[in-house]
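First comes the structure, then the notes that go with it.
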Amino acid sequence: MSIWEYANPVKFIRTTDKILPWVSIAAVVCLVGGLVWGFFFTPADYRQGSTVKIFYLHVPSALMAINAWMMMLVASLIWIVRRHHVSALAARAAAPVGAVMTLIALATGALWGQPMWGTWWAWDPRLTSFLILFLFYLGYMALWSAIENDDTAADLTSILCLVGSVFALLSRYAVNFWNQGLHQGASMSLDAEENVADVFWYPALVCIAGFVLLFIALVFLRTQTEIRARRARALLARERAA
Amino acid sequence: MIALLTRDLRLAVRAGGGFGLGLAFFLIVTVLVPFGVGPETALLTKIAPGILWIGALLACLLSLDRILALDWEDGSLDLLATAPLPMEGIVTIKALAHWITTGLPLVLAAPALGVLLSLPTEGYLWLVVSLAVGTPALSVIGTFGAALTVGLKRGGLLMSLLVLPMYVPTLIFGAEVARRGAEGLTVQTPLLMLAGISFGALALLPFASAGVLRVNLR
Amino acid sequence: MELTVSDLTVARGGVPVLSGVNFSLQDGRALVLRGPNGAGKTTLLRTIAGLQPPLTGDIQGAGERIAYAAHADGLKAMLTVTENLSFWAQVFGTNDISSAITAFDLDKLTDRLAGTLSAGQKRRLGLARLMVTGRPVWVLDEPTVSLDAASVALFADAVRGHLKAGGAALMATHIDLGIPEADVFDVTPYRAKPGVAAQDEAFL
């Protein structure tokens, strides 16, 4: 039994149909639980006051913005190497979700930045690279929707995703070089000396889990929709042929 | 290969708009900037390297859709694909022809436009060096964008959306070299990075461009 | 050498248009493809020329032996007739363009810009390109479009000369070229049932 069996559209739909409700419920539980815990049952930060609580939205969405692109990269590679249609469609399905995650990260960052740094926006390396990532998402989605033939679109977008990843990474280093920035360093890494205190850390973990589950649920749902749309088109074509 | 290069250059000269258009656009952008930000010499001196880089980048972008679209429309791209030239070679030559007709004139014209923006004397050398090192990357990346969108009607806008984010690293390092040069600082690190991007793009991107062009031709 | 096509299925936009096509074309022979508009002649020729992959089946003796001429001539309006031809000669690594110019009666036009030629003259120039490629198998898609009777005769002579020299020609055309020795291959029986695009089949 190989993992590639799930690359069959029918098998994929059958399996995800079983998983999807549970993932969705788990996502809602984690998100509601984590946010309520974080918003109402943690102390306010002694320097940042209650503004720090937007962190429960900001950090998970920022993480998912990057992870969604990573997932698209992996799915694109699978399409290029093994040409499983589900993989290409999953990459297509993930793009708008990733773009919205990027937008949430940028918006919550702006809301947080205003009281903290006194500005909605600064050309800080992290902010800038997220903005660039957002542009890459836009280009990727625009290319998908511009091409009629599905296989051609899948081929072109997966190569764009590969090349884009390299340039997104390059941009990350370039903007770091270009401006040292205001943004604090990673405050949640496992090995950092100065991490956020455990009281903030646990609800944040729950929120991150919630965002991951939400992302999985949305990608499953959107991939199913793409598959069903393709299936409907194929059935119509067969109908017409018969 | 050389035949393809000479043909493209000859076409650029004869059809007009090859050498001239990009340069004229570069000139106009540079002239418009003082109208937008005011004629203060100190301010212009400060922003001159960045403005010149952005102007060069936009001038480059303007002519990208000519790289492959014309050959696509008249069917020569199909015929070239059946010719004994590797597709990677074809896209590299196309990028080179684009650089010679657009990038090189920009490099040569940049000092004259630097005068208009009161670029300090120390800045000229590094402005020219940064453009000379960086514009090949712009042409090669642009060829990739052109190959992605070659079959599409109204692909020009989409191509800008795809290509501009990929221009960010080149722009940052290129403008940084020019800025540091103008301020008399050491330019070694950004210059090396810029050269790295150019050589990397030149070495690897033709494979991607050839790949997407093959997909678009079938 | 011969060009052999076996059990070939070709697709337009992923939808099969011709399937189970079998034929072989010996050197020195010509084969005329016939069939109604939209039957898939162009798709078949593009596949044989290597511009698109076949869905199934096998093509032997094509690749580097093919000189392909499509509906579009690939001419550059701002180059002269000579420049257009010598460009393709250089690309294909040959250098004799004068025989092609004579064969298609372009002698008086050599210094004219291709953009100023009439449609028929452009077509003649596009066909002259075949001769400078030096390749043995001509694959021609509607070669006689916009040619007058005299030019069709010139073209037929060029094809005959090419066959005599050991070349082969595969062409899709509706009119009688005046090459009686050419075999005719009707694609109509091979038309694929309208069906599902290959890329959609996995979804059924």
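So that you can tell them apart, the chains are marked A, B and C in the order they are listed, and the count of residues begins at 1 in each.
In this text, a contact is a pair of C-beta atoms (placed from the backbone, for glycine too) under 8 Å apart; a residue touches a chain by one contact, two chains touch by 3 or more.
Remember, it's a predicted structure, so these values are computed and weren't measured experimentally.
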Taking contacts as defined above, which has more of them, A-C or A-B?
A-B
Most remote chain, CA-based centroid, reference being subunit C
A
Where the centre of all protein Cα atoms falls, which chain's Cα centre is nearest to that point?
B
Rounded Å distance, subunit B centre to subunit C centre (Cα mean):
37
Go ahead and note the Å separation of the Cα centroids belonging to subunit A and subunit C.
49
Nearest whole angstrom, what separates the Cα centre of subunit A from the Cα centre of subunit B?
32
Indicate the residues of subunit B shared as contacts by at least two other chains.
218
In the complex, subunit B touches subunit A at residues 141, 144, 148-149, 151-152, 155, 158, 161-162, 164-166, 168-169, 172-173, 176, 189-190, 193, 197, 205, 208, 211-212, 215-216, 218
In the complex, subunit C residues that touch subunit A:
13-15, 193-197, 199-204
Residues on subunit B engaged by subunit C in the complex (per definition of touch):
2-4, 7, 10-11, 14-15, 71, 73-85, 217-218
As the complex stands, subunit C meets subunit B at residues 49-53, 64, 66-76, 78-79, 83, 87-88, 90-93, 129, 133
Considering only the defined contacts, which subunit A positions touch subunit C in the complex?
8-9, 85, 149-151, 227, 230-231, 233-235, 237-238, 240-241
